[in-house]
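The following pair of complexes shares a single chain, subunit A, combined with subunit B in the former and subunit C in the latter.
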Partner chain A sequence: MIAVYFKGLMHTFPLFLKGLWVTILVSGVSLLAGTLLGVICGILRTVKKWGISKIMGFYADYMRGVPFLVHIFIIYFILPEVGIQLDPFPAATIALTIYAGAYISEIVAAGILSVPKGQWEAATAYGLNPFQRLRYVIFPQAIRVILPPLVGEYVLLVKDSSIVSVIGLTDVTRVGWLTVQRIPEGLMVFGLVGILYFVVCYPMIHLSHYLEEKVSYESH
Partner chain B sequence: MLEHFSFRVIGQYLPLFLKGLWATCWISGISIFFALIIGVVACGMRLSKNKFFQKLAGIYIESIRSTPLLAQLYFFYFGLPSLHVNLNEVQTGILALALNSGAYIAEIVRAGIVSIPHGQVEAATAYGLNYFQRMRYIILPQALGVTIPALLGQFIVLVKDSSLVSLISVLELTRAGQLMASERFMPAEGFFTVAAFYLLIYYILKYLSNWWQNRLIYMEGH
Partner chain C sequence: MIIFKNVNKWFGSLHVLKDINLHIHPGEVVVVCGPSGSGKSTLIRCINQLEPIQKGEIYVDGIQVNKRSTNLTKIRSEIGFVFQQFNLYPHLTVLENVVLSPIKVKKVPRKEAEENALRLLERVGIPDKANDYPSQLSGGQCQRVAIARGLAMNPKVMLFDEPTSALDPEMIKEVLDVMVELAQEGMTMIVVTHEMGFARQVADRVFFMDEGQIVESNTPDEFFDHPEHERTKEFLSKIITHN
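Let's turn to the complex of A and B:
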């Protein structure tokens, strides 16, 4: 019986690869957009004026406190009530972008704040405007603190993208869920799903560790 | 249509939400309890001199950290019956949550233990303490103090992750919101209420974490 199931599973393997492609696509797009959003919000978070950092703080807290599953239900089921109908793919991308943006903003803010205050003052004395200060003085130093946790956050993003399967996006988790209805061998089917995620995430985790070691080595 | 936001219906469903909140709390509580045990054991294995235990713990930690919780949950939910292990949905959920968090806790505890200067271990050995005494009286008390904020952070993640067990039809907070959304066609009321309850749990845990961190700083200063 197991052999029959295994054959059936091999038969559906192209579907798994398609699902993996959807996973990579949805997390890749949200990764880029989320990084952009996160960098902007992270910079805003360090602005100590007009309560901007408070608002950004609440944004980060909200995303840290509310499960991604609830978040995606809010985007997918509540936005239509105010007249915005979204297909699963854009809904998933937007949800993941906003979600990852919050975490990345905290990482970026921590990186910026790790640069000693004297650097800011020196850059100002040098006659640089705020944009130049960030671009040429602060970011090159902050990036060493930012990069390792940023890659770690990307791993979380890929893993969290599995949850978008609940709104009907056919990513690799949903392919597994559909397959298990026909091939009732959960260990085999989701073992395969797990292996496919592993192939993507494991190298990323190691990249993060490598960067971490490199940064701590260089600072010595 | 959000101008028709109905607090009256939320009031009607409040008992369901409270039931869900309670379920979320105790499922997370039991899961973190088992996760702590699994995490400390896995960490002990990883730091042990035995190569086999080291490898075993390494495989466990790496494979959990490289795959999503949802895939792990389905793995147990659809997979255990073919091994003739019959757990109900709640037990399956707790199993998946505890195993998932255990891997992260193992790494947190390891970071705490590694952060203790080696001189402490040497001094304890010179004092004539054996391995368990060293762990019990010297290493763990110091390691745990440093790791408690990180552990609370992991607990926050666990509470959020517990929302996934609603997908295998366990009645908890998220499921309560889903029920209200589908029975009354009121997704806004349902999911915003759920979000508010999760935020409540989050802020309590965050407050605890900050309080402990300040206490640590205070203790180190004195």
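Let's turn to the complex of A and C:
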């Protein structure tokens, strides 16, 4: 029996690869957009003016305080009530982007704040404008603090993307659900799903460890 | 060159500068001393608007700096500032530290900026450190790089905030020597320091600050030998026994 199931599973393997591609696509796009959003919000988080920092803080707290599943329901099932109807892919991408963006903004803000005040003062005293201060003085120093947890966040993003299967996006997790209805061997089917996630995440985990070591080694 | 008119500054409810009036002429060297917390750093940080002021006017070379319409970037690029803790950029080499603002702010071509930087490093006595990182340098060398970084902007005035206070004693002289030379070449300088030898050698005037006011202002010889105010005398007796 097992052998038959296994053969069947191998037969559906191309579907799994397609699902994996959807997973990579949805998390890849969200990763890029979320990083952009997170960097902007992270910088704004450090602006001590006009309550901007508070607003950004609330955004981050809200995203952290509400489960991702609920976010995606809001975007996919509740927004249509007010006339905003999105397909599963854009809905999933938007949900993942604003979710990851919140966490990334925290990481970026912490990195920026880790740079000593004297660096800001020197850059200011030497005539650099606010953008140049960030670009040439603050960011190159903050990036060492930012990178390891950022890559860690990317791993979480890939894994969290499995939740988007609930709105019908055929990612690798959903391929697993569909397959297990024909091949009732859960361990085998989801074992394969797990392996596929692992293949994507494992190199990233290593990269994160590597960056962590590199940073602590270099800071003397 | 630098004019303060009734300058007042508060940190919250703390009144740190009280009705400061002063006038510093081109080529003048002024030493500012006084007890810790008296407002010396704040005084010079107001000049390039690292600290905003709440009342009064500050002019640098005829331009009012505490006005919304003023191009602060331009003013700042004409003022060299040397910090107690150097504040060199640790991720950049010595040469890159010196050329960053000339290239990015003053739009000097890189080649020209680097040639100028090498000349300045030679002038402060560390021509061979151009490609080192600040973490590879001693404190005295760092502070000399910081001075070169200031000079690279071709500034009209150099401000120093206790430039030797963070240094090991054996490194103080190498930094002061550079500053003395600078003063003798005619640079306009405001120096917060308790180095009395430096003050006597090159200062035109010495200010004594206490509780946010300039209590006494005099030539160095008069200031050190015949202080007028009780508080000045008290302060001087303390730093003399310390030195």
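Here is the rule we use: the second predicted complex is superposed on the first by the 220 of 220 C-alpha atoms of A that agree within 3 Å, B and C clash if a C-alpha of one lies under 4 Å from a C-alpha of the other, contacts with A are read in each partner's own complex, and residues count from 1 in each chain.
To be clear about the criterion, contacts are C-beta pairs under 8 Å (C-beta built on N, C-alpha and C of every residue); 3 or more make two chains touch, one makes a residue touch a chain.
Fair warning: this is a prediction, and the values are worked out from it, not measured in the lab.
Undergrad: On subunit A, which partner's contacts cover more residues, subunit B's or subunit C's?
TA: Per-residue touch count on subunit A favours B.
Undergrad: Scan A:Q141 for contacts with subunit B and subunit C and give back first, second, both or neither.
TA: Once the two structures are laid over each other on A, A:Q141 reaches subunit C alone.
Undergrad: Which partner chains sit in contact with A:A122 here, subunit B, subunit C, both or neither? Use first/second/both/neither.
TA: Only subunit C; A:A122 stays clear of subunit B.
Undergrad: Tell me which partner A:Q132 touches in the superposition: subunit B (first), subunit C (second), both or neither.
TA: Touch status of A:Q132: second partner only.
Undergrad: Now for A:A3: first (subunit B), second (subunit C), both, or neither, which partner does it touch?
TA: After superposition on chain A, A:A3 lies in contact with neither partner.
Undergrad: Under the definition above, what is the set of subunit C residues touching subunit A in their complex?
TA: 48, 50, 73-74, 76-77, 79, 81, 83, 85, 87-92, 100-101, 104-106, 135, 149, 153
Undergrad: Inside the complex, what are the residues of subunit A that reach subunit B?
TA: Spelled out, the residues of subunit A in touch with subunit B are 61-62, 64-71, 73-74, 77-78, 81-82, 155, 158-163, 165-166, 173, 176-177, 180, 184-191, 193-194, 197-198, 201-202, 205.
Undergrad: Considering only the defined contacts, which subunit B positions touch subunit A in the complex?
TA: The contact residues of subunit B facing subunit A are 1-2, 62-63, 65-72, 74-83, 156, 160-161, 163-164, 166-167, 174, 177-178, 181, 187-188, 191-192, 194-195, 198-199, 201-203, 206.
Undergrad: Okay, in this complex, where on subunit A does subunit C touch?
TA: 116, 118-119, 121-129, 132, 136-137, 140-141, 220
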